[in-house]
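Structure record follows, encoded as structure tokens.
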Amino acid sequence: MSARREASNWGRWGPDDERGTLNLLTADAVLGGVAAIRSGKVYGLGLPINATAAPIVEGRGEPRRLTLTCDSDDERYEAYGAAVGVGANQDILVLASHHGTHLDALSHVFADRTMYNGFPSSTFKAFSGAGRLGVEKLGVFAGRAVLLDVAAAAGVECLPPGHVITRAELESCATAEGVDVREGDILLIRTGWLEQWQRSAGGVSGPGGAGQPGIGLDACGFIRDHDIAAVGADNSAVEAIPFDKDTFLSVHIELLVTLGVPLLEHLSLAELARDRRYEVLLCVAPLPVTGAGGSPVNPIAIA
Amino acid sequence: MSARREASNWGRWGPDDERGTLNLLTADAVLGGVAAIRSGKVYGLGLPINATAAPIVEGRGEPRRLTLTCDSDDERYEAYGAAVGVGANQDILVLASHHGTHLDALSHVFADRTMYNGFPSSTFKAFSGAGRLGVEKLGVFAGRAVLLDVAAAAGVECLPPGHVITRAELESCATAEGVDVREGDILLIRTGWLEQWQRSAGGVSGPGGAGQPGIGLDACGFIRDHDIAAVGADNSAVEAIPFDKDTFLSVHIELLVTLGVPLLEHLSLAELARDRRYEVLLCVAPLPVTGAGGSPVNPIAIA
Amino acid sequence: MSARREASNWGRWGPDDERGTLNLLTADAVLGGVAAIRSGKVYGLGLPINATAAPIVEGRGEPRRLTLTCDSDDERYEAYGAAVGVGANQDILVLASHHGTHLDALSHVFADRTMYNGFPSSTFKAFSGAGRLGVEKLGVFAGRAVLLDVAAAAGVECLPPGHVITRAELESCATAEGVDVREGDILLIRTGWLEQWQRSAGGVSGPGGAGQPGIGLDACGFIRDHDIAAVGADNSAVEAIPFDKDTFLSVHIELLVTLGVPLLEHLSLAELARDRRYEVLLCVAPLPVTGAGGSPVNPIAIA
Amino acid sequence: MSARREASNWGRWGPDDERGTLNLLTADAVLGGVAAIRSGKVYGLGLPINATAAPIVEGRGEPRRLTLTCDSDDERYEAYGAAVGVGANQDILVLASHHGTHLDALSHVFADRTMYNGFPSSTFKAFSGAGRLGVEKLGVFAGRAVLLDVAAAAGVECLPPGHVITRAELESCATAEGVDVREGDILLIRTGWLEQWQRSAGGVSGPGGAGQPGIGLDACGFIRDHDIAAVGADNSAVEAIPFDKDTFLSVHIELLVTLGVPLLEHLSLAELARDRRYEVLLCVAPLPVTGAGGSPVNPIAIA
């Protein structure tokens, strides 16, 4: 554990901190993101939520929208005094908090049965969920985001399956794009994988799925050294699959557990990339579900 | 129907329009919201999602977070090759799309079996939901929002139950706050009701619940004349309960059906009000659930 | 409609009847089933409920068992006064009422927008479900069941896909087995399909699935003439797929709508067949879910 | 632990046994139950499943039936080739496995982090549920059941809240009814509590709920000495609340953990009691949900 603590952010914001590097998103950092706005164009980075629009990761199941009320419920509404033909359509949603485009809370992953800042994994209970580091502790956040279109920089539609993106690739991509990466930035990494998945038959993804390009441990050094506030990517796990160093969830452990960096996965970055918007204000609004290990999100980029 | 069409926005953005007044949120309108930012302070306007933090409206039930995986699933992760003590916490969410702080899509309410822009209520199917006007058609949106703290302007903690807020009250509130309301603005109305509910025992709300302050049809004229893009409030239905003119969902019908104005309900406006932030950039990111009549949201205000 | 009424059971047990041919299961009929018991051996005819043990019919989704409490919830139980190490394992179930081995209630299918006994399909509401003919109206039932092992009588492991079992095949099967079919009996038909599905890779079944053997309209005459109380089979729809006469759900319509005969699907009949138990007491206990169109069941045969 | 083992059934049916006292339900025991049948009258002992018909035990939530398809889905069925007006009503169920009338599997409760037959509580995993003693291991079962109407024997509509039923009360009740209790019987105990709950406003029950009559540890001796196969009652926990000896779940621990006796709770025994049917064939058909700690059931009594 000592090795982890030395190079980690544990204790950096106090022993009770549950927000990790989101602490870097000060009002000044937010204003830095606001300053990046040029055109007022708004981008939604979330995939549609239905049975086919996003990879179904093993065990998480298909998201479901079920009808709660519709115009067959006229009698119910008439009992409330509604005029004939007046009523409401309502739904019930059943979905994994990590389905589709989502935010990994700092309680999402543990190593040595320990989560970020030293909280034991046992603080996540079956009934009540995360007693520590739940997604509700992160709250909404906003800041300057930098899109590193690594696929475009490499001149490919999609990086090869299993390709491990390095620190050098991130740096040369930033240089090619002419953007600087600053402390407290949110990093968005485009591998091209999601668009390739969309062009293909779709289907199942995740730990047991086929290979995906993504970052490795070397790139985590870039994230640590730049004091990145959050990292997102257009793949299933931000990190490469198979995992770097053949270590299960190696990058998740480094970012979520050691550094306290929340992750955004399955981001839809195609339109931002097409418009070459490399600096944006990014607004992320997880559902504040008490005790959840993550939340579906639909991040907003304003360019 | 003809009366509705005359004073309505039906057809204004074409016969296939499914976004209503969100069409007013042009890039210029977004930049107008960006220009309102002063301090970089970020506010989350969503209530926590758990069994007690928001009113449980009849029929919608309590939201549930259920554990999908936690550290008891060590064998499952070891089968993936994880080291001992490495794993993930994951959840399944079951909740009404209109639970807690949420966005009403334009398919949420119908009158004369007809929704905004003339789409029949029958286009909402039990199995597939909204074929027209689903929440996914709205997408994410951002713009200048004006907070009208009607309770504060009236010098009360909470407007009385059933109080119908008028156009004149909105106008005098804006004057008192020194803010102008512009075309394409998002209107946020604070009645004080949610905070009062939080101070009380909490419990059930909604059509069959006790009285709530909110706007009436007269105030809808203010919204129409100012070409407001969206309206939110800190109560259960934006509108007063009992409903204005003793007409079931009268304001919902006027705003959602006739004018195509999406509604934000159960907004947590206390902190914005305390800070007297009357002009903000508001970012709203509904989950793009295909065919849903609404979505839980956690709107972000940047002041 | 008149043709249907003439050969139908509509009105036979009064205009308000919601139990159909289960009315035939009089106390005497039950005693007739009891008289069939020889050995006291008990058979469960329900398939396991998990993601893979039964065909996943399109739209119904996988059944889910989610943990509500387990031994991670020690603090919760200690708050109740439990000693250390004392607690409870509990689950939440999410599943289609027609998943796996299940009972079709008389509200399950409609034709000409009409259900059994003339109740309109519109009496099934999105919010409250079946106002008429819900599964709770059937209640539990028991009676003499006759297993017709048509596959064995044909000397095959499984009847061919799409094979339409006729009245003559049922009659010759009964003769071969040496059993008589009596008024008020429950008919169990083995096609061999389920076991073949289990031997194969499994997967999706149902209306859009591959062909299945099952009964056709001709065999429905056998059921009507013998005044059968309920019909079950080891396939997905009792009836053949593609549907007999190229008419969508033709046998469902004849049995559920015209005759009011509840159906049992995906029955596990292998062990009964292997033991050549052709006469048994069958006990069927649908969950009395108010307004449901069906229920998962685990029928008990006592031989 | 040694004390528990001495007086327990651990190991009695081998170290891998997962059925406990259901092993006593031999074919002969089943025939003993069959011999109790006189009239052929069938009783369903399950409460209706809806939001109000059964106590909502803390944490388990209300059961939900949600519509999957109904006659609004005409286009979906027409796409399958259905004639106009032909379609199906289907539901999705969301409910606790221990809601309403239900069976506690042997994995339901643990003490000293240990379940029946010595299996550790850690064999119940969040993701996969009970690796040992899941409800699917019990299977369906049938046997002779004896109804001990303790409330009637005491001459009251309902035993007092918190009343701890003793062995002597069970014995004198059996004597008064003129029934003998035999090895391998299923014991059904009527306290009158459920009917009183139904007459009252209903509401929440369970560990944090008000007092209930039920059996105590002394009565467990009766169950052990008679080698009872399963025990059911018309209250929330079979046992008295507050728990006997002020020990959390004391009777659950004795019956489920020490003796391996499955429990049936919230049984609707009013009609059996009214008819004075003290000996019946009882058939119990839990849903064989892989890994579940219990199942809703609708037990069938044939008298």
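Just so it is clear, A, B, C and D label the chains in written order, and each chain counts residues from 1 on its own.
Here is the rule we go by: contacts are C-beta pairs under 8 Å (C-beta built on N, C-alpha and C of every residue); 3 or more make two chains touch, one makes a residue touch a chain.
Nothing here was measured: the structure is a model prediction, and the numbers come from that model.
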Classification of the chain B:chain C interface as same or different, half of numbers criterion: same
Whole-Å separation of chain centres (CA-atom averages), chain B against chain C: 44
Cα-centroid distance, chain A relative to chain B, in whole angstrom: 24
Chain D residues counted as touching two or more neighbouring chains: 59, 61, 64, 67-72, 92, 94, 122, 124-127
Topology of the chain contact graph, where touching chains are joined (line, ring, star, complete, other): complete
Chain A residues within the chain B interface of the complex: 25-31, 34, 37, 39-44, 46-50, 53, 59-61, 63, 65, 67-72, 77, 80-83, 85-98, 107-114, 121-122, 124-127, 129-130, 136, 139-142, 207-208, 246-249, 252-253, 281, 283, 285-294, 296-300, 302
Residues of chain D touching chain A in the complex: 59, 64, 66-68, 70-72, 92, 94, 126-127
Interfacial residue positions of chain C with respect to chain A in the complex: 61-62, 64, 67-70, 72-73, 75-76, 94, 122, 124-128
